[in-house]
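Next come the structures, one after another.
Each of the two complexes below includes chain A, the first together with chain B, the second together with chain C.
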Partner chain A sequence: MGRAKKRSKKKIIILFLLPELVLLGAFVLGPIAGTVFLSFVTPEGIGLGNYYRVITETSPDKALIIPENIVEAQPPPWGALVHNIVWVAIHLPLVVFLGMILAYLLHEVKGSSIVKSIIFLGMVIPMVVGGLLIRFIFDGTLGVVPLLFQAIGLNSLAHTWTNYPETALISLILGSVWLWTGFSLTVYSAAFESMPKSYIEAAKIDGASGIQIFFKIVFPLLKHATIVVVVMTMLWDLKIFDIVYVSTLGGPGGASNVMALVMYTYFARALDYGRSSATAVILALITLIPGVWFIKQVLKGGPKER
Partner chain B sequence: MARRRGKLLLKYIIINIVVWSIAIIWTLPFIGVAMTSVKPFSEVVVHGWWSLIGNYTLKNFIDAWSNPMYSVAIGYRNSFIVTIPATIAPLFIAALAAYVFSRFSFPLKTLLFIVLLVIMAMPQQMSVIPLFFMLNSMGLYDKLQGLILVHTAWGLAWMTFFLKNFFDALPREIEEAARVDGAGDAQIFFKIVLPMSMPAIASVAAIQFTWVWSDFFYALMFLVNPDNYVVTLQVASMKGQYHIDWGLLSAGSIMAMSVPLLLYALLQKYYVRGMVGWTLKG
Partner chain C sequence: MARVVLENIVKRFGKVVAVDHVSLDVRDGEFMVLLGPSGCGKTTTLRIIAGLEFPDEGRVLIDGKDVTDLEPRDRDVAMVFQNYALYPHMKVFDNIAFPLMIKRKSLGLTKEEIKKKVLEVARLLKIEDLLDRKPGQLSGGQQQRVALARTLIRTPKVWLMDEPLSNLDALLRLEMRAELKRLQKELGITTIYVTHDQAEALSMADRIAVMNKGRIIQVGTPDEIYLKPKHVFVGKFIGAPPMNIIECRIARIEDKYVLECPGFTRTFPGQPRNIREGMRVLLGIRPEFVEVYKEPKPDAIKAKILVTEPQGSEIILNVDINPEGEETLLKVKTKQGPRYEIGEIVYLAPDWTKVAVFDKATGSSLI
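Here is the complex of A and B:
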């Protein structure tokens, strides 16, 4: 009886797990291993040549660190990898700050669910459409932002931002704040809802101000939500592709190029699978920095293993 | 006391003004493309999309829908053909695996679980070149079936993670009672666990549907013929390199995003829970 039960258990485990393992092996893990392999294949044999050439590349549409057309006084363009890092450096704090503050303010506002739904829209629409909308926001004749600068007399910014190297990258980054704040707001709102009200009430009775309450009581309780927002935002920023492809194609002159787009350029335009793979591996290694941190958090404090 | 109440009221008003101003700023791009899409572009250029005067027309929508080069109608058809099976198939497969991850212990379980988490962090770029060669050799390159296959496989990891978390939190009493009554593991899964998990399944389905519908990179890599383009590719192709017909592009954008927006309107609760739930514990 016991042995039969054990055998049927084993059968269930294998039967239920098999379809997933086969698909993951064939179409996920296999290709990932394949990409790693291809990244070492050079015309001269197996080696690190692709990595060396990809990192030291200087043509504006493929450079990762420093392009040949860099403007010494005031870049961009930098290389695509630098652009990704700049993206994180600007986008991440804005998204965390906006999401946290808005969630805190919305806590006591009537009709807050409508506001939340509106800001969440950026998460729902295809990123390609998001990129087109960003292009629209910064369009010289139709866009709100250039028209605003025209109205206040700053004519140097009253043109299509995505067409100029000085403004292309920053317009995409600001646009991506518009798209992605909904995520951060939603995570923080959920955190606020699960927060024990008694803490805040007690502090209020003790005469603490709103700002004191926020920094002394609320902020420390938001640690887990912040980890989630930071990790997911970093992953999103590093993998960014659709927005850039559809609005600037990395241009002008590589001024808004990003890693994922360089990988695509090597593949689709240069037909260089080795260097394309090497770029993908570098991108993957960078995403593993927040990735591994997140995995550790999940294994440590997340759902218990049974 | 009255002064304190006055101060509170003032604070309340200021917070409301700030929050609602942000909400309005956030909707401006949507209003902008909506207005641009229903007006002749020649008038939009002259008067601006915010001007309510002038003619209104559905010509942009008709042009985008039956565009001779990049038709939204064909894009819709292809997107539905890809998205529906690429939502249902991985959901079923992942639910089976998630149940095993949640209820049984087996060799290499923790390692497999870590592999799932690593896959969740991997960029799509990490797989596409070998997949390109594989689909080619399978005769599935530039075929919607190939895209379905890729989306199915790449949806599995996060779905398994999400559903495992949900299964972990389910009460065990009913399952144990059924086991005492002689029900087998498969019966328990299909008759008890799966029906109890409908909220989680709705969340997962809504999000996977949106992600597959919204996907651009895989479609760009694996589809060549405009007759096979999904809607995101069709709309992206409508934008010329130098000349942009914003009327056409606005109408195309609205049609491309209207399907996930409609789904969001219908399933908002599951949607938000899903987006947040797979990242938060419990």
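Here is the complex of A and C:
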């Protein structure tokens, strides 16, 4: 009887899982499998040709690693994949640092919710609008940043940043810091809210200075929040598309190109679905690295430590 | 080792006056308990001594030195928190060593010396075998000991404790009470201890400061607080069950003042001062200081038993001392022995040398 009961329970479980599995299969797993398959289809037959060509491509609007130099004012000699990595390398530390510091400074200040809301605005506005705003911020005649450099006499930086290959990428990265810090600040603020005040007070009485409290007590206690911020920011940086598309379209001369935009270019302009898929698979594999690490951290389970 | 003096401390949070002109002198090596209901300002007072809050008015002196504006770390105090505040990411060893590690350079200590000190304190508190664990792996009582060890590693001038036993279960609390008191006497550290548990205060303190609504109502030894409450609040707050309060009226019979109470009349106990005829007063009778008789006795108060609450060796009788008039409840604690039935008539003989009389208008003692 027990066995029969078990079997009927199994049936019920399958019955309940079935609709989700069908939907997931049709709309998530299916397209993934299709994309992977498509990435191996070349005019010469099934093979790795698409991957080879995508990786070694040198035309500035599609190059992943090294483009050929066609513009006189030499762009940074790197392709879209490298740009994504540079993006992570600059954006990630800034976002983590700013979010944590701002949350630490603001967590007991009256009226801090107003400041936090303003910073969070960057998260609320659509990224397409955000991209446009970045263009304005760095515009030579209207933008805050060029005007600032003009005011201090640095005329070489008092131009429209997005129009010059030397500054296009960095302007987008800095702009994305503004758009994304709200996320980091929100996560860290929540972490501070849930942290008992007595930890910091005990450390104060025990004789720790503000800096010691931050590095020996606060920072380690924020570990879980930091994992979330690091992983989400990395994923966002690797997948970045909209603000680049709106503000520079990867230009000038591929100087601010990113992976997702290359994929789009293959797909929508070159109509080369095979290479577009290959780019997509490469991008997906790269994003899997932080993704898998994150899932491992989550499965390891934070609650045990607390 | 230090004397702690509070001079006219005032602390406001917005419009709320949390601490209202509090002055207190804690002697060197003394175990002082701040006792009061929640929201009475006792914790805020403690935090002001610690330097976690700064008073709006008044001064804090430790060993004669004005520390009112000093940061906590410059005061040489240590504090045990209600939730222990052990750093969850550090092992027990590192938790205990923390106060020394962060000042290692200025104290000129080597790691070996710190290790020796940690082991010493751990032995004192019997937690040597826990040093490699994380706080999350410890029981409440063990965490408590680690928290105590962390405060003792520096041998602070003043030991501050904010309801340190309230998160422990009842049995462990009783055990820790005695141990804490022994430890404090052994080390001779001036201790200021906050609690809302009057039994804890009575059993541990050298002196108790009873607080209510931001003010200190009475400071005294546990005996003084228990036997000679200066204010009706102290009488009602101390003791389990608390002091019985009966509303009476002062009358004059011939040339003597008497108390006219519901159910009985009695000559005024003690020296009548500041009283006049017709005055409304509160008579305070501790449940423990009443003898219960089954037969009528001269001067005894006739009462009817309403409820009995057996407590093991003792029994608490809830009686009505005014069976003919409006019900007036009195709690009486007596030895278990004779059977008491609900509805039974008994005769009560309070110890009139141990009663209290308060002015109903001000609440202050009239004896």
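Heads up, the rule we're going with is that the second predicted complex is superposed on the first by the 275 of 306 C-alpha atoms of A that agree within 3 Å, B and C clash if a C-alpha of one lies under 4 Å from a C-alpha of the other, contacts with A are read in each partner's own complex, and residues count from 1 in each chain.
Simple rule for what comes next: a residue touches a chain if its C-beta (ideal position, glycine included) is under 8 Å from a C-beta of that chain, and two chains touch if they have at least 3 such contacts.
Values in this document were obtained by computation on a predicted structure and should not be read as measured data.
Contact with chain C, but none with chain B, is seen for A:212 once the two complexes are overlaid on the shared chain.
Of the two partner chains placed by the overlay, only chain C lies in contact with A:201; chain B stays clear of it. Once chain A of one complex is fitted onto chain A of the other, the partner contacts of A:183 are limited to chain B, with no touch recorded for chain C.
Applying the stated contact rule after C-alpha superposition, one finds that A:232 touches chain B and leaves chain C untouched. Using the contact criterion defined above for the overlaid structures, shared-chain residue A:44 touches neither chain B nor chain C, since it reaches no partner. Of the two partners chain B and chain C, more residues of chain A are touched by B. Touched by chain B in one complex and by chain C in the other are residues 304-306 of chain A. Of all the residues in chain B, the ones that touch chain A in their complex are 11-12, 15-16, 18-20, 22-23, 26-30, 32-33, 36, 44-45, 48-49, 93-94, 96-97, 99-100, 102-106, 109-110, 113-115, 117-134, 149-150, 152-154, 156-157, 160, 164-165, 168-169, 184-186, 189, 210, 213-217, 220-221, 232, 235-236, 239, 241, 244, 246, 249-250, 253, 256-257, 260-261, 264, 268, 271-272, 275-276, 279-282. By the touch rule above, chain A contacts chain C in their complex via residues 196, 198-199, 201-209, 212, 216-217, 220-221, 223, 304-306. Touching chain B in their complex are the following residues of chain A: 8-9, 12-13, 15-17, 19-21, 23-24, 26-32, 34-35, 38, 102, 105-106, 108-110, 112, 114-115, 117-129, 132-137, 139, 141-144, 178, 183, 186-187, 190, 210, 224-225, 228, 232, 235, 238-239, 241-242, 245-246, 249, 259-260, 263-264, 267, 273, 276-277, 279-281, 283-284, 287-288, 290-291, 294-295, 298-299, 301-306.
Every residue of chain C that touches chain A in the complex is listed here, in rising order: 50-52, 71-73, 77-79, 81-83, 85, 87-89, 98-99, 102-103, 134, 136, 150, 154.
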